[in-house]
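Worksheet: the structure to be examined is printed underneath.
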Amino acid sequence: MRASKPAAAREPATQAALAIDRLDVRYGRARAVQQASLLLERGTLAIVGRNGMGKTSLCNAVTGMVPSSGSIRLFGEEIRGLPPHRIARRGVAYVPQGRRVWRSLTVDEHLRLAHRFRRGEWTPDGIYELFPRLKQRRHNGGTQLSGGEQQMLAIGRALLLDPSLLLMDEPTEGLAPIIVEQLAATLRSLAARTEMAILLVEQNLRFAVDVADSVAVMVNGCVVRTMPAAALAADRALQQQLMGVHAQGVGS
Amino acid sequence: MDSTRSTPAAGWPLLALHPGLMLAALAIYPMLANDFFILQIGGQTLMLGLIALSLMLLAGYGGMVTLSQMTVAGISAYMVALLGDSHGGASLGWPWWLAIPAAIMVAVIAAAFIGALSAKTEGIYTIMITLAVGVAVFYLVLQNRVIFNGFQGLSHVRPPVVLGVDWRTPVAFYYLALACAVAGYYFVWRLRRTAFGLALQGIRDNPRRMSALGYDVIRHRIAAHAMAGAIAGVGGVLLAWYNTFVSPATVGVDAMINVLLVAVIGGIRHPLGAFLGAAVFVLLQSFAIDLIGSQRFRLLIGLIFLSTVLFSQDGLLGLWAQCRRWWVSVAGRRPFLISSSELPDR
Amino acid sequence: MKWPRHRDRAILAATPLVVVAAWACHHDTRLFVAATLNGVTLAALYFLVASGFALIFGLMRNVNLAHGSLYLLGAYVGYTVGDQTGSWYLGVVAGALGAAVLGVVLQVSVFRFMPGQELRQALVTVAISVVLADLMMWVWGADIYQLDPPEWMYGSSVLPIVQHYPTYRLILLVLAVAVGGGLWLLLNRTRIGMMIRAGVDDRMMLAATGVNMQFVFAVTFAIGAGLAGFAGVIGGSALSISPGEDTRYLLASLIVVVVGGLGSVAGTAVGALLIGLSEQYGLAYAPTYGVLFTFLIMVATLFYRPQGIFGGR
Amino acid sequence: MDGTSKMLRRSLLGTAILLGCTAAASAQQELKVGLVASLEGAFAVLGQDAVRGAELALKERGGVAGGKKIVFVRGSSDASPASAVNATRKLVEQDKVALMIGPLSGSEGVAVKDYAKTQPAVTFIDGSSGGQETTLVNPSPNFFRFNLDGAQVMAPLGPYAFEQGSKRVMVIAEDYAFPYSQVQGFMSGFCKAGGKVPRKAWIPIGTKDFSSVIASIPNDVDSLLVVLAGADAVNFIKQYDQAGGSKKVIGGSVMVDQTVLSYRGRFRSNLVGTLSSGWTADALETPAWEKFVADYRASSKEAFTAPSYFAFAYYNAVKATLNALDQVGGDLSDGQAKFRKVLAATQLQSPVGLITLDHNRQAVGPAFITKIVQRPDGKLVSSVVKAVPKIDQHLNMSKAEFDKMGIGSRDVPACP
């Protein structure tokens, strides 16, 4: 399966928002990501795959949290090897799996802390406008929030970096269906409203297809194919073959 | 680390010694050395190495870096003085064949108790709790006069005359210590491949997984403490005989840290490291005053310890292994006279 | 809900203590009040030293076993500067600065290269403490130094019941409260404090939000080490400065933060109070074995509540 | 040549080189004398002064005694008995010294004396350790001590303090053998004179904060007997001063030593008038003492205002040793028998007066009741109140009477 790499990734376009080429991530002797290549020109790209396929490791490599080898280019500039804060200051914002809000900071403090390094169109007030719920809870600690509120906070924190690339790792995990719907709407409107490219790691295929323009499939640390989201949505056999999922299949 | 850049020496691999040859060298050593080198350097190295070996077992196999191994040894030393003959405290005057095993038993129980106290903790917490236990024991023997004779401690602790041999004469003491050291070494070395040893190393690497696999992590740790306690206990008996007394300074903070210095300088992945570290420590302690004229022994040993921790992955043995790898890669040949068993396990 | 069981246990433990305290108070009120005051003021000194230790541990998971050396270095530098300039205040500033600079140097030149290797860091700090102890002995010898605080702090104040009480010890208490308050303000009301708290919770996310963690680490180390140096000068003026004090205050800090809960400022205060009081009650009522109390408290705490009284998981 | 035999040869060669290095290469006219003092740890400052004293005694003779050039080989302890024995053992067995001088502190002395029994060929001369039992219990025939023990020096003080109006005294002392002896020396005469000691506070070693001990001082005592040394003494006096304490302080011998007195700080003024008793006094106005002090101060830039007890004791030990060497013409043959006989019969004219040895080779000599005074130049020194020319190890009691009291401890003697 490893052979079918997207041809475009081999010669990355300089203006692509994110171009990953032959990326390796190792933990000791174990290889979490193997020779993964990926291209995100603009818009929203979803990476789908089962647990343990290296999706989170890929995110960690892009944000600089784990060492990697290969190449990661952001609008043509190499960012692999930079420390995480430098990558963040270049406009890569991260909404991690499990939200990872700071438990001893209030909502307001989260936003003030993030709104420091890249001042663009987003301000804390703008975030409160986007998520009115957060404004009500602005003096609450990070862990006093519900899952959905934490997700809003994590997104708000990321947006305040005025990102040119937003990385989201499993944003729907543990959220109620109604909240997932709202989240999808929010992401779609964000993508439409801003120049920002979004890389979305998701196990929930329906959500991924719903939000993303195209979908990349990751198996055993390797990106095996990329296709338009609509193509995956239409092909249930492929869904089952690639993902081995039944319950979460689109249209189930 | 400059040594890795020196020109390759033809005799380099010879630095690796065959176990049999090493044992032979240790056995004929008293014929070549004077009393001072036999007792204070040789005997003390083996004795201190034995106590450091108990730390190596815990830290190297079990991942538990404790500071209380000197405390366990000290408890055994106090016990052999109290149960057997000594001056100053409430000694019971038991015969040696009863006093010695009983002293070691008490040390094992104490070690198991410390193990039970610290088994739930990990890493740095283990260091802290064992430090606290050790200092508590120090203050106990310091403050109690009726039994432990306070600051003065117990004196006239002498090994028995058995088989017509006075075991405190330098040569006899050396061979006694050597026998204990070899036994301890062999035990620890063999332990690595036993079911228990493997489980212990598994717990070191991933306690959660071992627990999920059905291993009782706490019990394994306590058992390791008990085994290490037996080794340290034997070392403690030798320590009491070597000094012919035991006092609170024997179990003080400096002494506790010294064991850690010895084990880490030598390398905690292989039982050889404990004795190597002890040899370096004892030689430096004895000759620092001649070497650097002044009294900067602590500075010297501290710097050696610091560079060991900073630059070597595993003490002198680790450095040796690094150099050997370098030599192999540069000279492109396998060193001879080395059995894989004696290299640091990594 | 485990609370009722805890409460029962707490009451069970507290009852004999209250009875003993009541007896002690009745037996010799002056002694009891004086010992309590002594315990509280000693706790103030312990809090000053241990708060820096707790701060550094909380953010960096670095058990800085050279913390006592920073205390002693601050004391020596403070003494030397105070002696040369004749100003105690300058000595305090110099001691705090000296320790802070050393702390930053250690962080930037050593600890930066071993992130996440807690045990190795602990070993390195043991080595550093051994080396520093001997270096300081080299420079300052084994003499006993003592700083004299300004005239108005010396002497005794008149308090009810205990009559005369050393003014300086009361100042110690004020200083500890001020430092505690200052730390609270720093952590809760400043941007760097916000970063430190965020870093304690999740430092990778802080970095991913664009914060240079090495900078935050260096600042934290500077504050923590500076507090140790500050405490060194303050403690060196209350008691004396001599070799061996490094180990004493390292042990005190360790016990205080382990009992109180690693990395929590409030826990550090409680731990310091517990240890200071037990030490002084021990000295007043059970001099022979009183010195064991603190260690028994620590062992018991670690056994029943390894995360400390205030420690969360 | 195969690897094994090559290696064997190398290791044998290495061993030979090692042994070659360790073999003593002594010149004909040199005599090596071991000198152990505490040069590490908390006692280092005292150990350094001890070495000054020893070197002064050697310098006075131009470094020669008994026709031989005397060379000191130094050893250092950290004041723990184990390190003292290790240092001594190295000097005896490795450096092959013929005579040993040292160690510095009480528990070291006991341990070194026990070691001395295993080395009958070497003569041991105590440095400054003042433990009572060193020469009283199981003495070693090759161990000599030219300084009084801790109880001896304090013996004259008890009755004197009682005469001066101290009727009820509280003891504040560190919790180990040396302070026990000091307290015993004081109390033996004090209790006999009718004094009372209602309370003894034995302070754990290492205590720095004495405030709760100070708070526990009963109102009905009129004086404190304080036996603390070095940093602890400084801390205690300062804290007592700050707590507004006003009772008379009687000091142990090490309490009013120059190591404490030369310390600068405000509390100094409180020390003025403190009674004590010791081996010597700074302001002893005899020509011999004044010459000794002058020589001492000229010997080193780091020297104290007046020699500490440790410098004085080491000086005496070395001086007695060199005297004896001169008398036997450097003859150490026959297991040093002749030398030891002369040494045991020594009539040492020390800077403070005549010191002789008893049958246990323990010093019998003078002690001085002293009082701290401030000199015009602001320095604090101990001045002589009363000299007692001769005190033996039974505190000038009969052996039976002394044995009835026993060796000093927490509870011995007692007169509440």
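Order of writing sets the chain letters: A, B, C and D. Residues in each chain are counted from 1.
In this section, a contact is a pair of C-beta atoms (placed from the backbone, for glycine too) under 8 Å apart; a residue touches a chain by one contact, two chains touch by 3 or more.
Composition by chain, UniProt nomenclature: A = ABC transporter ATP-binding protein; B, C = Branched-chain amino acid ABC transporter permease.
These figures come from a predicted structure and were not determined experimentally.
**Q** Can you name the chains that touch chain A as well as chain C?
**A** Both-contact set = empty.
**Q** Which chains does chain A share as contact partners with chain D?
**A** C
**Q** Which one of the chains is farthest from chain B, going by Cα centres?
**A** Taking each chain's C-alpha mean as its centre, the farthest from chain B is A.
**Q** Just give me the whole-number Å value for how far the CA centre of chain A lies from that of chain B.
**A** Here chain A and chain B have centroids separated by 52 Å.
**Q** Between chain B and chain D, what is the gap in Å from one C-alpha centre to the other?
**A** 35
**Q** List the centre-to-centre spacing of chain B and chain C in whole Å, with centres computed as mean CA coordinates.
**A** Using C-alpha averages as centres, the distance is 33 Å.
**Q** Could you say which residues in chain D touch two or more other chains, in rising order?
**A** In chain D, the residues touching two or more other chains are 44, 175, 204.
**Q** Can you list every residue of chain C that touches 2 or more other chains, as numbers and ranges?
**A** In chain C, residues 288, 291 touch at least two other chains, as defined above.
**Q** In chain B, which residues are in touch with two or more of the other chains?
**A** Where chain B meets two or more other chains at a single residue, that happens at 139, 143, 298.
**Q** Give every touching pair of chains, nothing left out.
**A** Here the touching pairs of chains are A-C, B-C, B-D, C-D.
**Q** Would you pull the chain C residues touching chain D in the complex into a rising list?
**A** 30-31, 34-35, 38-39, 41-42, 137, 141-144, 146, 148, 154-156, 162-169, 239-240, 242-245, 248, 279-281, 283-284, 287-288, 290-291
**Q** Going by the contact rule at the top, pick out the chain B residues touching chain C in the complex.
**A** Within the complex, chain B contacts chain C at residues 65, 117-118, 120-121, 123-125, 127-129, 131-133, 135-136, 139-140, 143-144, 253, 257, 260-261, 264, 296, 298-299, 301-303, 305-306, 309-310.
**Q** In their shared complex, at which residues does chain C touch chain B?
**A** On the chain C side, the touching residues are 63, 110, 118-120, 122-124, 126-128, 130-131, 133-135, 138, 247, 251, 254-255, 258, 288-289, 291-292, 295-296, 298-299, 302-303, 306.
**Q** In their complex, what parts of chain D are in touch with chain C?
**A** These residues of chain D touch chain C: 41-45, 48, 175, 201-204, 206-213, 215-216, 230-231, 234-235, 238-239, 242-245, 259, 263, 265-266.
**Q** Which bits of chain D are touching chain B when the two form their complex?
**A** Within the complex, chain D contacts chain B at residues 3-4, 6-8, 10-11, 15-16, 19, 22, 39-40, 44, 74-76, 78, 80-83, 85-86, 89-90, 93-94, 107, 110-111, 114-115, 175-177, 204-205, 409-410.
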